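One structure, as structure tokens, below. Some questions next.
For reference, chains read A, B, C, D and E in written order, and residue numbers begin at 1 within each chain.
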Amino acid sequence: MSENGKSNGQGKLAMYWAASCGGCEISFLNIGLRLLDVDEAFDVVFLPCVADFKVDDVRGYDNGYIDLCLFNGAIRNSENEAMAHLLREKSKIMVAFGSCAYEGCIPALANLTTQEATLRAIYLDNPSTDNADAVLPQPRTAVAEGELELPELYETVKSLDQVVEVDYTIPGCPPEATQIWAVLQAVIDGVELPPTGTILGADRLALCEECPLTRDVKKIDRFYRPHEKIPEPDVCLLEQGLLCMGPATRAGCGALCPQVGMGCRGCYGPLDGVEDQGARMLSAVASVMDVGQSTDGEAALERKIQEAVDTLADPAGTFYRFSMAHSLLRRARTNGDGRDGRPE
Amino acid sequence: MQRISIDPITRLEGHGKIDIFLDGEGNVANAYFIVPELRGFEQFCVGRPAEEMPRITNRICGVCPEAHHVAATKTLDALYRVTPSSAVRKLREMFYMAFYVTDHTTHFYALAGPDFVLGPDAPAAQRNILGVIHKVGLEVGRQVIECRQRNHHVIQVLGGRGVHPVAGLPGGWSRSLRPEEREEFEEIARQNVDFGLFSLQLFEDLVLGNDTYVDMIGSDAFTHETYYMGTVDEKNRVNFYDGDIRVVGPDGKEFVKYPPADYLKHIAEHVEPWTYLKFPYLKEVGWNGFVDGPESGVYCATPLSRLNAADGMATPKAQEAYEKMYETLGSRRINGNYQPVHYRLATHWARLIELLYAAERMLELVTDPEITDPDVRPVVDTTPDEGVGSVEAPRGTLTHHYWTDENGLLRKVNLIVGTTNNYAPIAMSVKKAATELIRGGEVVTDGLLNRVEMAFRAYDPCFGCATHSLPGQMPLQVVVKDEEGRTIADLKQFC
Amino acid sequence: MTQEKERIGVYVCHCGSNIAGVVDVEEVARWAAEELADQGVVVARDYKFMCSSLGQELIEQDIEEQGLTRVVVAACSPHLHEQTFRTACERGGLNPYLSELVSIREQVSWVHARDKEAATAKAKNLIAGGVTRVAYHEPLESLHVPINEATLVVGGGIAGIQAALEIADSGFPVYLVEREPSIGGHMAQFDKTFPTLDCAACILTPKMVSVGSHPNITLYTWSEVEKVDGYVGNFTATVRKRARYVDESLCTGCGICEEKCPRKVVDEAFEAGLGYRKAIYRPFPQAVPKYPVLDPENCTYFEKGKCKACQILCPTEAIDFEQEDELLELKVGNIILATGYDLFDARRIPQYGYGRLPNVYTSLEFERLCNAAGPTDGEVVLRDGRTHPESVGIIHCVGSRDKNYNNYCSVICCMQSLKFAHLVKEHTGADVYNFYIDMRTAFKDYDEFYQRVMEEGVHFVRGRVAEVTDAARRPGEEDKLIIQVEDTFVGRQRRIPVDMVILSAGLEPRHDAEAVARTFGISCSANGWFIEKHPKLDPVATMTEGVFIAGCVQGPKDIPSSVAQGAAAAARVLGRIQMEELALEPVRAGVIADYCSGCRICNDLCPFNAITFDEEEQITEINPALCQGCGTCVAACPSAAITGTQFSDRQVLAQLEGLLRYSGNGAGRQREAVPAGGG
Amino acid sequence: MTEQFEPLIIGFTCNWCSYRAADLAGTSRLQYPPNVRLVRLMCSGRLDPGFVLRALAGGADGVLISGCHPGECHYLEQNLKTMRRYWLLRRTLEQFGVEPERVRLVWASAAEGVRLARIIEEMVEEVRALGPLNWPAVAGENGDLAHVLSPQALHKEEVSSEEVVA
Amino acid sequence: MKEYAYYPGCSLEKNAHSYHQSLIAVARRLNLNFDEVEDWNCCGATEYIALAVLPAYALVARNLALAAPTNGDPAQLVAPCSACFLNLSKADEYLQRRPDMAQKVNVALAEGGLHYDPGSVKVRHLLEVIVRDVGFDAVANQVTQPLTGLRVAPYYGCLIVRPSFNGAFDDPEYPTTMDRLLDVLGASVIDYPVKAHCCGGHMTQIGEEIALELLRRLLKSAADEEADVIATLCPMCQLNLDAYQDAVNRHFGTDYHIPILYFTQLMALAFGLLPEAAGIGQEFVEARPALARIGSEREEEKKKSPARARRRDKDALPMPAMPEEG
């Protein structure tokens, strides 16, 4: 970091969220006493969750004034996007921090539906809402004293790298505190940074690598939902028909979910060379589905396979639970509640 | 200088803003509290498998994912019509108490702390957790951080992950508590109790010992008389995990008490075109705008509200502290029960009392023989249909309501989350504070505006929850405009 | 898309007028040169016949003069000339795999003859795909694997025997594994063989003996192959040598044990249930090897714990009740499967009465019946063991050419039935009726035999038999078997009373054919016969390198054809052995160790067992020699840790991108954009 | 001529049956619409569902997947794996609002040139009837294919090429 | 208690009353509940379909519609008469195969306020229900008076197994289920070679000559095998063999006296029910003399049993093992 020419011997650190839940900040706070070291090493120049700065201040900085910018949250509206551009301009190193910034995360599930359907569900046909004259939030509202404004949302949730150039990515929903610290420490110690585009704070291998459950050859005859089966302890969940995204997900979290008997949902994102995590996992699990034989006859075979496939509820929402915004298709073409492919 | 409303910088900033309009005399004409974003969980959860909701809705808010996780899990119990074993219920509640301790700790020290510890007039740059640590000393700082860490450890062990836990299942929990862990957690619970007492002590020393603060708490600027909501057990004592919803009027009389599943009978939400967030209110009373008093359906659901809505605390030390607060703030006892306290800033005190309660409750549960029952994951094969579940989130009563098809895929989802309950009161408090504090166009100082912020910070608003779209912490922008809409002051406050 | 620019040459073939008649080849070449320059195209030519030597030289020249690093030829189907142009590149000094053949004949000019504009556009588009793809091709070397000169022959019927002898006689080691106690197969059960009527035993037993005594043949009877690992040239077969309870090193085959054994059981195997054997037995006198087998199911000692007659009386103390199964590991370079067939079970056609009506026999029963060494010493008699039939009905196509059972023709039944007709006449002089659908007597001397049998006065009724019944309807039917049949020549129902009925049962795949196929990694057709590599041009090879098939495993056939196939398979194997080393197409999958997390998704996906899991390292490995390059595992790997040469993601995606980017639109015309949101 | 929409259909065939079927269609001079572009794979089992998504995301209006009939796969049963992937993919695509007609799995043996030609004809008509898919616009992209072939997707194999055949 | 819809058909109300009577009695013992379809109508017998398809199917479909379940999985409709069984299952099958026809039929049904979804009713023959759903063991448990010594010729006729819709439950050429059932009842079942041959059906009305010849064959074969009774499962077969036996004797100068009983009647007897309860006595050819033989050990018994040829003198050859014999 030293060669990044920082004044007063300290690097300039910024952290900002766009559309996110704040979990990234909490995870950041969870580095615990290390916070003090961060305080030591960095001159925090923009860190909304713990310190009080104006965006004005940021606009005031010279380009590249910020050494390290941890940007979390997806790009949901023009405000998010403009903020991304501003921080990109002011930062030497732009890091997509957490699953939202990296690949859209849970908010990007909104790409399976439409803005219109969303407003309807929340303000119009909503059981607790009393909205006789169908008031909807408006971009501009004239009130007695003047005019009030709301930013407009994008139809499609985007990942950070879809709007600005990103140098590094720290995956996870949220990134595990230990990993966050590992990265910060490296920066603090001035370790030479890997080529841009690299994923930091995570492993190069799939989750299985660090998963303590024992794995065997895989054959699945149907899928079970978490409440439909009590998994055998210490045995790979996927083998037991409980969907686990582990094989298609980058390690780094420590395989926490499988260890409490809950399949991985893929929040650390795909591995190098895979840019559509969902398709990969889909292909993988389908390949090990052990249903039907050629001797069944084509019709029977097809039926058996369909039955087995249909035991996997909501494939799109499962395979793309976290990576929708970064998937090849990115969004649904219609307001899919999933059960009807046809445009309505 | 351009008009704020079209100034790109303004639109760039933060995730919530207050527009304060001044009249000719430079007095506050009106203040609007605007929440400009929406993620729309209600819609994009449709089509998802219901059992995934504990792992999806916790992403509504990274500050209180545990609240959503537990609420969603309880909703699944109802949806699948399974009654969790008492072991399961205890396990979940214990997990939830650990979360309460860390959450209240975070808020008090990291967010509210600066106001009291450093004082409202301290320079912005210091007004943060590090500032607090510098002021109260590293030792206290370490205690605070350690408290968060040990409880997050509990959350991680039981919930699978430190943030966004995954273990909730209809009628169960995906992993049980092992005996050796139990011992460790018992120790943690004891430390929590000590820390609770310590924090109350600190509050007394710092705040009650300081007249300006005491005056401030009692000052009219921070007072509102509204209805109060909270979850209570069979003895009308505060409970976070389960019970009936109880609402008391400004006078402290029970207004209504109902099982959470009946929320639609009692709660409705009002829509304004200038904000994405809806304003819940009491159906029986009705929506009469941003006013308080018994004629307004506006109610409040905060730590203070919960205490006001209850007849007391279920654990001894917390009960003591509870009585002390009401006594100190001069609440009268009417047939055994204290009258509500309407001072919003007392919420911080109430929060510390809740922290102590959570710690004590955690200790009760962790020492319960049933807590290590290994059999906590049932197989569920009932056909789901509709279900409601609720818990007391730190920021207010949290309600989830799902409808599914026979395959357990969601058809409809409705969520009324903690902070939303308080949207109207916050808006009112902010306006009131502004009106009280900004007079005759007097030049607004940073500290002064911070007091405006304090008005709403007392609610510890979490608009991540509220809009299901915003970060857990509330970044606030305060814009003060004159008659012509010119900006006199434009200040920011995050958290 | 290419990393450092490749220098690509594009060659568009006219194929006379085959392509040029529809596609504007000059235009295509021009377009490629201009529009694809940024993709690395440095030269694009069109030529009358690219596959001609002149056309090929064109490529070679350009490689040298223009320093091409990649070559795309747009001509006919790769299945025709891919090899041609690869070799051309090689001659030009370019790795053959750095070329790509784009089919604009089979896929463009011949199928879009009516729309020249569209055809030309599509040709451009396909070439663009080829160009973007070829940029990612990698130089490949074919793999060489040494070949173990030993061969495993499975099945000791005539086909297996023939194959084993051919190879052994050429001086190479053979392991012959047979499930039954003796080799010989079905042929050993037969009496005479058509059309020459020479005795089966007389021609078979000498061969059996030479197998038994051949220095290069190791014979394992009463044994089965349980598992096959490895790949062409280097197979390891695990063979279960079932306990005989006879110590072969001590046994002299004197036969006293068999003689003295008090337990007599119906011999369902060799005698087809018509005769008896002992609990310890040799299926037949000339059995090879000569050692008997003790069958514990029926042995008094194994049942009651006492008897031991055989052990007590054995002069060499060769009986060993403690003996256990042995597992042997055989290392071989090639495998020949000659596991034969099962006879159709005539009980499945109840209206023919087999099993109900005593005097209904199956073909195999009859073979034993008229076999001089059979249970009746060759006397053709009714089930009562005395009466000679005065009239015999022989029904063809029992279980064959019948959609209720098997659609196919069992090939041998006609000739076999004619043989039976002749033998019945010869042995008994009875009236003989043959009931057939069609008479199929192809091949040398067969039809002559048919004529001969006709001359012998056998009656032939063309029609499918409805039922065989003992329900007499009118005088003359009493105590007879009445054959109800529609005589399609006279066009009416007939009832023909006879004393004996012979069912010419069809041939079926072995009941366990599927399992065997799986063990050896080859495939069965829908009706269960093993699939050859090519039905005409490669009838004894299979899709699995190094595994060959001979005889009835591949489909019903007579003895001459089985022998021929046995020899053919042997010849193929010998050819392989001579090569000493085998070159394999380098289209293979491989694991990138650094990226494998050991999730084991792929572990069960390979039918050729090329994928193994290294428990030590906890990662998966692929044996390139075993891999057949299908790419299924590549597509299945959730962490993209497996990649395939010649069909890597990169190459396919690059081609895809070329196709999409230069598509213009579906038929080469302009498409107007549609608003977002689709529906 | 009147502007009729010409769908672009990407076809994936296996090397052994379906590609040969296409060859046969050619040698027997069967005529079918020119809207299909075939990509030859060794086996339909090689088909990575990602290929299909890329084709759609990159502007194709439909995708045809073709292989040997069950039981006739030259790699024994790999085409069954394709079938399993196909059905799971199809369910997923339904949720993305892609009509089933746009992505079809069909078996064609080397002898079924006629069948393949007929299926192509049929599919072109069905997709034409459905109208353009034009996913780049749907995904909020301006038709730029960058994301369809991201260098990231490729960088890894470069590391590997030698290791593969060694 | 297994629940079934029950379609008796016209014969069981009149000439085949003994069939109805005995099957109900047996069913009670076997815990089968037969719930008669309300207001059922003629099945169209074997002729109607030949005359006019649509009305024929509509006619049958009405019965199916009446039997159709108001809820859940396919109703089981039991038809004891082979003709009814065939018509009902045939109609259902064709309506499934031909939606256009089904649609027309439903238009017709709608007139009567009915509707039928093809496939929603599973048509079963009584025999199948007894051997498949109840099973031989359960039947054996009920046997108190084994039919020892009674030589029975199991006669299936044609319609029950040919053509077989909704899956054959026995071999179409040479069925054996009733053989095994009777065997369980303790009777000596003869291997009846003409068990699936034609009884003449309605030929008795059209060409008596032919009918009588067909009947003669059946009777002769039974007589040759020294059967005491012929067991049937079809009212038409029973009627022809029973009512026309005399005519056969007159026409061919033969002298057959073979009582024709429904298999359910024999079951009833074996279950220890009174002959009256089993409907014995309603037949033309008196059954009582034959039934008197029950229990009497007859020497030639062994010799005549189907396995007779398996008895080996020293030089006889073994018979092939039959599947059930291992």
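Rule of thumb we're sticking to: contacts are C-beta pairs under 8 Å (C-beta built on N, C-alpha and C of every residue); 3 or more make two chains touch, one makes a residue touch a chain.
If you're wondering where the values come from, they're calculated on a predicted model, not measured in any experiment.
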{"item": "Chains touching both subunit A and subunit C", "value": "D"}
{"item": "Chain pair with the higher count of C-beta pairs in contact (A-D, C-E)", "value": "A-D"}
{"item": "Central subunit by CA centre of mass proxy", "value": "D"}
{"item": "Chain located farthest away, centre of subunit E as origin (C-alpha)", "value": "B"}
{"item": "Furthest chain, CA centroid comparison against subunit C", "value": "B"}
{"item": "Rounded Å distance, subunit A centre to subunit D centre (Cα mean)", "value": "30"}
{"item": "For subunit A paired with subunit B, centre-to-centre distance based on mean C-alpha positions, whole Å", "value": "25"}
{"item": "Centre-of-Cα separation between subunit D and subunit C, whole angstrom", "value": "32"}
{"item": "Inter-centroid spacing, subunit E versus subunit B (mean Cα positions, whole Å)", "value": "77"}
{"item": "Residue numbers of subunit E (touch at least two other chains)", "value": "none"}
{"item": "For subunit A, residues contacting two or more additional chains", "value": "112, 155, 272-274, 280, 283, 285, 287, 295, 314, 317, 333-334, 336, 338-339, 342-343"}
{"item": "Residues within subunit C bordering two or more other chains", "value": "526, 594-595, 605, 632, 635-636, 640, 649, 676-679"}
{"item": "In contact (per the touch rule at the top): chain pairs", "value": "A-B, A-C, A-D, C-D, C-E"}
{"item": "Complex contact set, residues of subunit A against subunit D", "value": "112, 154-156, 158, 197, 272-276, 278-280, 282-283, 285-287, 289, 291-296, 298, 301-302, 305-306, 308-310, 312, 314-317, 319, 327-334, 336, 338-343"}
{"item": "Complex interface listing, subunit D residues touching subunit C", "value": "3, 5-10, 19-20, 22-23, 25-27, 29-35, 37-43, 45-51, 54-55, 58-61, 71, 73-78, 81, 85, 97, 117, 124, 131-135, 137-138, 140, 143, 145, 148-149, 153-154, 156-161, 163-166"}
{"item": "Complex contacts: residues of subunit E adjacent to subunit C", "value": "171, 173-174, 176, 191, 193-194, 217, 220-221, 224, 306, 309, 313, 315-323"}
{"item": "Residues of subunit B that touch subunit A when the two form their complex", "value": "5-6, 8-9, 11-14, 19, 21, 29-30, 32, 34, 36-40, 42-49, 51-52, 55-56, 59-63, 65, 76, 80, 106, 110, 124-125, 127-130, 133, 138, 141-142, 145-146, 148-149, 152, 156, 159-164, 166-167, 169-172, 174-175, 263-264, 267-276, 278, 280, 283, 287, 377-381, 401, 407-409, 411-414, 416, 462, 464, 469, 471-473, 475, 481, 485, 491-495"}
{"item": "Subunit B partner contacts - residues on subunit A that touch it in the complex", "value": "17, 19-27, 29-30, 32-33, 35-36, 39, 48-56, 59, 73, 76-79, 82-83, 86, 105-107, 109-110, 112-113, 117-123, 126-131, 135-138, 140-141, 143-151, 153, 173-174, 176-177, 225-230, 253, 256-257, 259-262, 265, 313-314, 317-318, 321, 336-339"}
